[in-house]
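Structures given as structure tokens follow.
After this come two complexes, each holding subunit A, first together with subunit B and then together with subunit C.
== the complex of A and B ==
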């Protein structure tokens, strides 16, 4: 949340009491920057069972047209649950260190 | 029997003998809350009982939530008040302690909840009688604290508290404190304000910031980048509250003829020696001051009504001409640095550039009345005797004293 000059607002211009007036603001928060390891998705081995989508605590599995297409790295915190639950662990989903572009 | 007395009051405008708890219950009915969520605890129990009765009898159009604990009581109040409801509650002692974390949430969310606190000692040892340990322990929770010396003040303060809390420039919760048993269970001749006058006095100025009026998020995570700013807002609101308290006191005087400020002085203007008190002891102190004055001793008193926000300048100004001051604390900070009132009063005497180089009064602390220990007029006379001795010798022998404790 930045004002028109690109600065964060001071206490005199913020809404009272920490109230957030715009709905859905959590999606704008980049929790992905907390990640130390990341799940890497490989569509060739994915059987579209959706277990990763069901178990992901951050709704960070991207789905389009009824199919899993990858991981939303803006929100994924790197917990690894999707990889743990994947029936094809290590192939359809694999955990790699952050920064490793395997 | 009590119910009969409460019923008799309706609209007469004459004095009616009511206890402090009855007066608060009556005030709760008259301020017409939307929600009351409360849990009974001695010595506040009557308040909850009477209010529940009022609601059951249809005498007030409020939702009464009989919750399972004080933590739940305050949590329910927070939810109701966030929705936009006029919300009140009451508690004492362990109940207030049990509310601790939710007290901060109420003030942090800027919810104008008004709570009667019937002051009682804290365990352990278990004790049901009056001291100020409970509310003093909550003095830095971001709640405005107003203290009452008698039944009339408790009633008047509760009504004014609604107006102060809901002021758009304030929007902070308020505790209205009165001494357990000493005020809560004492009968006094109460001047009751007619319902319709209270209604017009309290026409809500609250803005439509509640959840019923707009879909917003309350209580979101607020990390390093915003938390400080939101806390700074509370400090600003506390500062603003001083003016709003005074303005509300003035309009209340226009309505009733009874004046309320941040503090009241008794024969303080030309006093050489003075005591600072909070609550019901002020009545006994006035008796002693009158006796001392008849002996030619220039004694006076400052009775603090508003403890949070602390009226720094007003306290310093009221005491500036005194040569010796005793601060009487009905609780101890257990810090070895004296009681909470003493600590703040002494600090106030050092506040602001005007105090620089000025001659400050010698100041001493008396902790008294813990767990309901009675204070006699002789005890108060002993304090003034010590102040006289301080004036003649120019110094104290002991900074922090315990009045009426057995050695």
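== the complex of A and C ==
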């Protein structure tokens, strides 16, 4: 519970009504550490169908310039939906145990 | 797939870093729904998994306006926002367009928020109400709600020597909502994203209240594996447990008819909350559940009548 400057605000400095003034601030919160297995993305096999992006519960599929470019490991919780939904023909995503090469 | 890339090109209104469980179906529904909005969005969320996991101070996963509502009054909260907006517009203080969305779980819709929902529907506010139906009070530890299906094992309908899971069938929320003569009602599943996004667009354009009921798998409460959440939705639709339909101005339309209606057991087998139904002594519960699904499907086919 720290503000942008790293200080822990006291109750006097909290905004009235507990209003959160920065939309989307949760993106700074790491949920990637929940992961037991992680999806690994292989761009060569990707057919850019975007199904992983549609079904990812954690907004953790990175898209740039209209293309899927990889997985956001800071937020990915390792549920494996993207790997399950990745079309069999391509197989651009694979599930591997979480470990050394994070 | 041009459509899907277009959606992915926009900035997501629901960020990562929310604390819903791995494999949860709720954020999938929310992301798909928000992706098709055209105007600034104001969301009121009622008590439930989504609310408590997406807005934990000082973090919020929402890039929209967001109101942290109480359990019983999600629909009232958003009604007030919409009424205030109408007043501003009438006085010429704003000419902007907004989307007003209420989101609650099945506990906040079928049970605790029912009277507020009824009031909102009756008053005719221009609000889209989304019910994320995970068939129980999952956030507080898997208690049964009136959306929990017959035979399901929950902490308040535990399977043991004296109890064999929930004894009652689930409530027909669609029927209750339709009794208010609202312009748009639909049932969706996050695995059928094209269907969901088209219905979201229709609901957002509706002049008046609309209601969307979505199946949202809960790996923790259903005791299913996290990676099959979307597969579970497909099974629910293919077994006709969760038919995809819409009711526009009282006219029913079936949006998806499975080529082969699969036996309900295919769906139930994927979830440990139904494990006991496969014991020989509980065969009658399984049969009753299948019969209730068949009855509901026949009814919907009749109501849709070729549409």
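The rule is short, and it goes like this: the second predicted complex is superposed on the first by the 85 of 102 C-alpha atoms of A that agree within 3 Å, B and C clash if a C-alpha of one lies under 4 Å from a C-alpha of the other, contacts with A are read in each partner's own complex, and residues count from 1 in each chain.
The definition used in the following text is that a residue touches a chain if its C-beta (ideal position, glycine included) is under 8 Å from a C-beta of that chain, and two chains touch if they have at least 3 such contacts.
Remember, it's a predicted structure, so these values are computed and weren't measured experimentally.
Looking at the shared chain after the overlay, A:75 reaches subunit C, while subunit B stays out of its contact range. Of the two partner chains placed by the overlay, only subunit C lies in contact with A:83; subunit B stays clear of it. By the touch criterion defined above, A:94 lies against neither subunit B nor subunit C after alignment on the C-alpha atoms of chain A. Of the two partners subunit B and subunit C, more subunit A residues are in touch with C.
When the two structures are aligned on the shared chain, A:59 is found in touch with subunit C, with no touch to subunit B. Of the two partner chains placed around the shared chain by superposition, subunit C is the only one that A:49 touches, whereas subunit B remains out of contact.
Contacts of A:28 after superposition on the shared chain: subunit C is touched, whereas subunit B is not. In the superposition on chain A, contact is made by A:18 with both subunit B and subunit C. Overlap of the subunit B and subunit C interfaces on subunit A: residues 18, 20, 23, 25. Contact residues on subunit A toward subunit B in their complex (touch as defined above): 8-12, 14, 16-21, 23, 25. Of all residues in subunit B, only 108-111, 171, 209, 214-220, 222, 225-226, 228-230, 232-233, 236 touch subunit A in the complex they form. Taken in their complex, subunit C has these residues touching subunit A: 1, 4-5, 7-9, 12, 14-28, 31-32, 54-64, 190-191, 193, 219, 226-231. The residues of subunit A lying in touch with subunit C in their complex are 1, 3, 18, 20, 22-31, 34-35, 48-51, 53-60, 63, 66, 72, 74-81, 83-85, 95.
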